[in-house]
Amino acid sequence: MSTKLIEYNEAPPKVREIYDDILVTRKTDYINNMWKALAVHPPTLQRTWQSVKEVMSGPGQLDPVVRELIYLAVSINNSCEYCMASHTAAARAKGATEEMLNELKAIIALANNTNRLAVGYQIPVDERYRQ
Amino acid sequence: MSTKLIEYNEAPPKVREIYDDILVTRKTDYINNMWKALAVHPPTLQRTWQSVKEVMSGPGQLDPVVRELIYLAVSINNSCEYCMASHTAAARAKGATEEMLNELKAIIALANNTNRLAVGYQIPVDERYRQ
Amino acid sequence: MSTKLIEYNEAPPKVREIYDDILVTRKTDYINNMWKALAVHPPTLQRTWQSVKEVMSGPGQLDPVVRELIYLAVSINNSCEYCMASHTAAARAKGATEEMLNELKAIIALANNTNRLAVGYQIPVDERYRQ
Amino acid sequence: MSTKLIEYNEAPPKVREIYDDILVTRKTDYINNMWKALAVHPPTLQRTWQSVKEVMSGPGQLDPVVRELIYLAVSINNSCEYCMASHTAAARAKGATEEMLNELKAIIALANNTNRLAVGYQIPVDERYRQ
Amino acid sequence: MSTKLIEYNEAPPKVREIYDDILVTRKTDYINNMWKALAVHPPTLQRTWQSVKEVMSGPGQLDPVVRELIYLAVSINNSCEYCMASHTAAARAKGATEEMLNELKAIIALANNTNRLAVGYQIPVDERYRQ
Amino acid sequence: MSTKLIEYNEAPPKVREIYDDILVTRKTDYINNMWKALAVHPPTLQRTWQSVKEVMSGPGQLDPVVRELIYLAVSINNSCEYCMASHTAAARAKGATEEMLNELKAIIALANNTNRLAVGYQIPVDERYRQ
């Protein structure tokens, strides 16, 4: 279970090309562990980066910081420690304040609360919401 | 398991008072099934409404529509059909476009994808994210 | 995905033997759908019934109604509709009141709320809880 | 992601008032990390403590130890390490024996087992459970 | 919440191109609802189909039927009704027998059982598994 | 929350008998922590081992390595660290290559992605999958 991380210098050309795209797209000089770990399986690295690039940095109506807040909400909901850490950093970098992060957690907690009530009481969907 | 829904006219005074607060706070004339179902247990109705009112309508830095998008993201992640239906309606009422809802789902799907990769590969948190 | 339910009269001897044990152990004349569905794979039926019999009806310090409440809490938490329906019935049969079932749901909702806060804030376990 | 814990001595008046209520309600001289962490966002601290106080210590038909066992069941089901640790301690303080905690875990494991079978086989809810 | 399904005949060229690739890749004349629903957001349709095509039909060491069994295991674990239905059909089409599907469910149930025990007892990872 | 592990030498006869069956069935001289932890509650140890023995080593149509891959898929999906570690070791011992484990993770990630899309879009099950 020890995780192998492939550094830039030891990466094969195909992986290095993806690393370069990450660096350019994100205007950074840092490759985080997510990509170094996925590099053990280049098709997964390629597919995952392509999806992250499109969904998180591509054109769209949602602000970059809102995208990060949604991503972080899912990651907290799934108890994914790595994802919480990296997307908290990303949310801050894109403008999220500590107050926003606190409000985010309050909403996640509340939604989990009411979700279980809705399931536990088997509440029928209102006719007007079905359209 | 048949869910009892308590209508306004049959509600005891304590429940009716909460219904009135919902109607005023939300500037609506409609009580949705969530509250009619929770009314079977007034302390739960009271506590849940108070929390929803504070978190979703109280002062804060996150826009109302962003709050709804986060709430909806959690509800989709938890497969809560009632909550998806009611908060999709709420998100639209507060300004979410169909495109935004599509982008939201794309982010949720992506985050679930990468969350599992992060867990499956047991990726260590980068030192710089730990601070 | 249509679920085959094997009735007593069409059940092979090995399955009928388990059905008989269910009827005797539960002092009932009704085999519920869970067992009729699992009967398509006798080893699963046998193993599952044996476990349910031991854990839910065997000797132990937890009252039968408390066992059912815990089982129901997990089933609500997992959004398992079948299990919620059957264990709500079982809890009532063993003495759970409507008030108890309402309190149960309030605890489940609260725990989901605080669980997410504990994860979202990455709260460190107190030294005194580690022993 | 480093979690800030706000100690009693450095807490602002509003937070200290809640800490005092925790100490009095629980008849203890110890504030556990959960509250010290939530204190970074007083509205969340206030709302969460109020809910925990009502649901876990307020009037009701479920025994305090049963409430803790249900809370613990949800926390184990959600893999929330902090909550498992704190509510195992609370359950013991309210009278849960080691045998009870072992039986609790056996029920949780069993329910997860049968929940997946019910979902996997798409077992239809018995007519008699639908009422 | 009513789901819009985009039929081949009404699909815009970009979507129709993807539908054609699905038909050719799968050697079928049927587009299932998954794709017709995702077609409301072409970038999601494109990205999802590309990923499914690569992961499920691309080169690799796992047999096609084993890939489907793993996909189905996750879908049952997530209680995703649509995915269970479509991947049960896919698994059968690629050679899974009813006995295999029954064994699959038995393993899923068992793993959920032992997963909760491992979490509930906070079992430390054996040194030999850490390498 | 400190986990007690019961070693062979200190185990009571009933536990030692199960340990012996584990050693013989698995043709090993090593009892892993799972069993040493469950030994604090012999009925749980007995029931769990019996189930694991039957499902994972008993007769059936699924290859031993495929059984392990499915078990591992569930364990990753549930973020169970202990189970991931032990079943990664078991999968390798039964013939899984690193490439297979990488492909497994890609399928798990993909299924989580599409599962959420199917739920988020509330995609109706195709008529042909309902039979």
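As written, the chains take the letters A, B, C, D, E and F, and residue 1 is the first residue of each chain.
Assume a residue touches a chain if its C-beta (ideal position, glycine included) is under 8 Å from a C-beta of that chain, and two chains touch if they have at least 3 such contacts.
None of these values were measured; they are calculated from a predicted model.
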Taking contact as defined at the start, I'd like the list of chains shared as neighbours by chain A and chain E. B, C, D, F
By label order, what chains touch chain B and chain E together? A, C, D, F
Classification of the chain B:chain C interface as same or different, half of numbers criterion: different
By CA centroid distance, what chain is farthest from chain F? B
Most distant chain from chain D by Cα centroid: E
Per the C-alpha centroid definition, the whole-Å distance linking chain C and chain E comes out as 28
Quick check: how many Å separate the C-alpha centres of chain C and chain F? 21
Can you pull out the residues of chain C that are in contact with at least two other chains? 1, 40, 43-44, 47-48, 51, 55, 77-81, 84-85, 88, 99, 103, 105-106, 108-110, 112-115, 117, 119, 121-122, 125, 129-130
Give every residue of chain C touching chain D within the complex, in rising order. 1, 3, 5, 30, 32-34, 37-38, 40, 44, 48, 51-52, 55-56, 60-62, 66-67, 69-71, 73-75, 77-78, 80-83, 85-86, 88-89, 97, 99-100, 103-104, 106-108, 110-115, 117-119, 121-126, 128-130
Residue numbers on chain D that touch chain F, as the complex places them: 79, 84-85, 88, 98-99, 102-103, 105-106, 109
Help me check something: in the complex, which residues belonging to chain C touch chain F? 1-2, 43, 47, 50-51, 54-55, 58, 125, 129-131
Would you mind writing out the residues of chain E in touch with chain D in their complex? 76-77, 79, 81, 84, 105, 108-110, 112-117, 119-122
Chain B contacts chain C in the complex at 1, 40-41, 43-44, 47-48, 78-80
